[in-house]
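Naming follows writing order (A, B, C and D), and every chain is counted from residue 1.
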Amino acid sequence: MGKLKTLSKLKVAIYGVSGYAGYELYKTLKRHRKVEIEYVTADSSAGKKISEIYPTTDDRRILKNEEVDVGGLDAVFLSLPHGAARGVVEKIVGKSPSTKIIDLSADYRFDDADEYEKWYGQKHTSPDFLEDFVYGLTEVNREAIRKSRFVANPGCYPTAAILGVYPLLKAKLIDLSYPIIIDAKSGVTGAGRKPELRLLFAEVNENLSPYNIGYVHRHTGEIEQELKKVAGTAITIVFSPHLVPITRGMLNTIYVKIPTELATEDLTNIFRKTYHDEAFVNVLSGSSIATFQHTINTNLCVISVKKVENSPFAIIVSSIDNLGKGAAGQAVQNFNVMFELAESEGLV
Amino acid sequence: MGKLKTLSKLKVAIYGVSGYAGYELYKTLKRHRKVEIEYVTADSSAGKKISEIYPTTDDRRILKNEEVDVGGLDAVFLSLPHGAARGVVEKIVGKSPSTKIIDLSADYRFDDADEYEKWYGQKHTSPDFLEDFVYGLTEVNREAIRKSRFVANPGCYPTAAILGVYPLLKAKLIDLSYPIIIDAKSGVTGAGRKPELRLLFAEVNENLSPYNIGYVHRHTGEIEQELKKVAGTAITIVFSPHLVPITRGMLNTIYVKIPTELATEDLTNIFRKTYHDEAFVNVLSGSSIATFQHTINTNLCVISVKKVENSPFAIIVSSIDNLGKGAAGQAVQNFNVMFELAESEGLV
Amino acid sequence: MGKLKTLSKLKVAIYGVSGYAGYELYKTLKRHRKVEIEYVTADSSAGKKISEIYPTTDDRRILKNEEVDVGGLDAVFLSLPHGAARGVVEKIVGKSPSTKIIDLSADYRFDDADEYEKWYGQKHTSPDFLEDFVYGLTEVNREAIRKSRFVANPGCYPTAAILGVYPLLKAKLIDLSYPIIIDAKSGVTGAGRKPELRLLFAEVNENLSPYNIGYVHRHTGEIEQELKKVAGTAITIVFSPHLVPITRGMLNTIYVKIPTELATEDLTNIFRKTYHDEAFVNVLSGSSIATFQHTINTNLCVISVKKVENSPFAIIVSSIDNLGKGAAGQAVQNFNVMFELAESEGLV
Amino acid sequence: MGKLKTLSKLKVAIYGVSGYAGYELYKTLKRHRKVEIEYVTADSSAGKKISEIYPTTDDRRILKNEEVDVGGLDAVFLSLPHGAARGVVEKIVGKSPSTKIIDLSADYRFDDADEYEKWYGQKHTSPDFLEDFVYGLTEVNREAIRKSRFVANPGCYPTAAILGVYPLLKAKLIDLSYPIIIDAKSGVTGAGRKPELRLLFAEVNENLSPYNIGYVHRHTGEIEQELKKVAGTAITIVFSPHLVPITRGMLNTIYVKIPTELATEDLTNIFRKTYHDEAFVNVLSGSSIATFQHTINTNLCVISVKKVENSPFAIIVSSIDNLGKGAAGQAVQNFNVMFELAESEGLV
């Protein structure tokens, strides 16, 4: 991007502003000093103001997806239901060949359409696009993201899980003859803004519910695919998500087998070295443990690691805000990388 | 009821067990030592077990409304949507002339079908039944309830409001030239078990929302009707409900103008005298104030009253569990009265 | 402030960073582009890092109050317990005659030391300072704040109450022969960060508690004092705070008698006109009602007003974040006014 | 106990009624038809009524521990801080040799005083009493409990953990070369009723905090001791408790290595067979997963078990109410066993 370009603002559209991630994107990009939000869409709420669907005084008007004139847009953010991105991607590719796309759905996260079909239970609508998208875990794929026009923003659980496992896995310190066990806890916005009985206040409040535990949840495949690339070999994941009575936030408690001689301090140093230059990954010292509150309302991933005293295992605790680093925050971070802006612009 | 009858158990049916109030009724009646629950129904969940719709291990099977054989039933509890009771009432009246009916909907709470239509925005389906139903606020109408076969169980807000205002109103101590202002706070189950966006955890949590404030909420008419009977004159109510991030419970903060000379202690004594023999209405001493926790999971109404130091007003705080005294608890209390059982049987 | 001054950053200190309001101040001022935080203090936590007392990765070191070198500071923010400001004020006045002071305690909010003593139950420690402090309700006292070196930042309840009543009171549209009834609901951080039983999660959760209702709560006097100035006559307040199970946020439901002929739309227009140029006061249209979520994590005050259908009363609902506009946000807003910066700098 | 004895009521005392478990005991025993509560104590609240320390209208007077006349008591329940039971036990043994004791502290749960010292960090005050106490996990030790005069009621985490692991461990189906990983989630009342910053609403709400993870938490030793007895061999436990923003309830997600050929159905059948005759342990079918809400406000332990699809591991989810089966409920269940009453008397 030329120097002149950065003086003017980058024009963007947000598709799917009615969901929790889409609305978070909107609020984040409004604070971004290099961005002009040209369009916000949501087919289900088209014609309404944002103040009619969220408790805010923001009277911005919501459009239909088809009302967006993609020509002249520098970038679009897609926060649509799984399977719905294809149409928008085709339109942009056809009509506006320089517009960049950051897709927050799972549609382009898999390298392989069969894997998508296996985990999402539906045929992929545009398998031919898969190879053009880069998996947007910023800290792991920054250079590829920088060069790419198409980024598939990671899922929330995978973001916390991969960042938590990455340093030890890359250093070949995890004994992969044992599974990596990820006991995950998520706030409710991770399930989206849908009128379902199981998401009602009176069902979620004073409750904590494991769901899709073992090897069932869709994000398992995404975690496996990315960790396999890091390890260079197959990996066994046991992944157990739990719904907790919290609006936003996420924490993964991860159990891995490691060489006995590594102490908490050694482990912490490995994490610190790996993430030394990262603005959005913080590693706590051994005596502190990451909690939800470390990251809520931020784009941070906060990690603590601890050797188990009586056995050759480490417990890694990895916390993100599912709407921050787990969705909208990371999307904006990737946007900043793609346009060579300061990576923290618009982010907390 | 003859002596022999009490030795055997009373047979009942619960219509509408899938709602929060219906399920609470079921749990309460299961603990009732004189009751045998013959049928539980919910058209929307018919064929399922209770354990399939609530987090419980109770495998009781749910039937369709029409599957109930009303003959031989001693009583039925109706916890159906407004407007739906009529069909069941007709069936019972036609086929089982001794079965008693306790209806938890608003259908038979009004004396006048026009008032119902005004507040509920729909024509009454069975205005001819209205005069047969007794308004089931136990402490106020106990004798009429005892003699009646048909009881309209009060709304939750009206129960808390009327019990809070009744003692001073009956004693003619409220200056009715000033409105009675009721600032009410309710837990979420009061809105029913419906998959609506506004009831999602992420919408209700960390939020508190006034709704239908002023002279709009349906319960306003019910409160007015009953207080007018106590006062013997028209009454102006200002009623402002607030949704609070709590599963169950309700509290009304009530402002009334009173004679200046009455002190907190005088007021408390009037309440104590009025409710002296009541097992389910407790009056706190002047220094204590009623809270949600005083009544959650009980059939109690707990009340405190306080003179305002600088002006001729009293603040009455009246707390009930909206699913207890505000719905299922009072229904069972009325049932006990109707069958001349110990009034507290099955209740906490 | 000269032009050159604005090019460099303003140097500030925050006293009392360990409390909820002090920590919020710290987070707000860190985002402020014209501010350099020179010192943060908290006698109780001196020597610790912020990350040791809050779930954050911020390793800023906390000092003792006495360690602050006030010379050269442009401003100090005092977020100390009531009665403790005096010492710091004296030191600053003595040693650094141009440093401005924004005090978030109640110490300098009253015009009259006797009133302070009446409501706070203790002798005022520095009654001679009272007349130098301006009451910092920005929208009402902006010009005085701009010219003053000393600002007493308002209490949270008074901020929401006064902004809610101000437009109608100023327009002489409230019948003051009736009391102004304020039924207030506050999140828990309003009570401070103190290890008290009543503030434990298990006591507050699933509970809602009225406290100090009627004419008892300390903020009653502050509201009365300021409203009296607006009205030019004595005013009767009935003030009933309620503790709600929410971390931050506040909402006042206010009942006032008004001329019968005024409709909701008329009332809304009066509010809109009054606050037309205000960036941080938003008035909702008649059909919408202010909620906690309208203002949480912002410096906004969001207000709705509604005529009661059946009687000459209006219900004003006024929402603020108790830590935002109710404390740290308004303090920074006042700071911006005092230094002639953009009023919204650092604020959301 | 002779037949005549059961006709009159059993006289009991509750020591430590001011804590959450003690108060739950009081509420449970009040509903118990064979019990007369003679004394309730709490040194810290002696002289007060229960209504002064809890939101209730119960005006029962609280005594000092020393005011209890133990003579004539059939049983005492001790819900005192760790280390405090000794004095009461000695007094009872000396003065009232037939009074039975159910101790809810950790003091007599260990077989070995050194283990107690290792985990509790203090010398045991009465090691000589250890062998007289039976570990009161009812379903595992029922016969020993029946015959004993002294019962050490289990900790909450151990109750959920041991009941979750017991069936497979007893059947020798767990590969003990891999650790048993217990990822536990607990409501806040498990931490007791203490005025500590970390337990404040504003700290716990919208947060989820791992603490004492790995091999640090005191309950680890208790779990190890009891599972070792079942296995007949040493066992490696990794135990990670998490504090969740819920008042009461607890859930352990347990990962164990098992023979590959066992399917979810096989596992479920083993659990069903083991707990077939147990009133308070329910095993869900494979498709359902235990949640907090399955057990809150009950004495139930609800368990689900599931084979992980891609690896030879099972995930057992075990839910109890930490104040129910995890404290007061199990204490009353043990009391019922000790006095040969119906085991479910007073319990839900």
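In this section, a contact is a pair of C-beta atoms (placed from the backbone, for glycine too) under 8 Å apart; a residue touches a chain by one contact, two chains touch by 3 or more.
All of these numbers come straight from a predicted model, not from anything done at the bench.
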| item | value |
| --- | --- |
| Of all other chains, the one whose Cα centre sits farthest from chain C | D |
| Between A-D and C-D, the pair with more C-beta contacts | A-D |
| Inter-chain centre distance, chain A versus chain C - centres from mean C-alpha coordinates, in Å | 37 |
| Whole-Å gap separating chain C and chain D, where each centre is the average of the chain's CA atoms | 47 |
| Mean-CA-position distance for chain D and chain A (Å) | 40 |
| Sequence positions of chain A contacting 2 or more other chains | 55, 206-207, 245-247, 291, 293 |
| Complex interface listing, chain D residues touching chain B | 31, 51, 55-57, 206, 282, 284, 288, 291, 293-294, 297, 300, 302, 348 |
| Sites on chain C touched by chain D in the complex | 20, 55, 187-189, 193, 195-197, 199-207, 245-248 |
| Residue numbers on chain A that touch chain D, as the complex places them | 178-179, 181, 183, 185, 206-211, 213-216, 236-238, 240, 242, 244-247, 249, 251, 253, 255, 289-293, 296, 306-311, 313, 315, 317 |
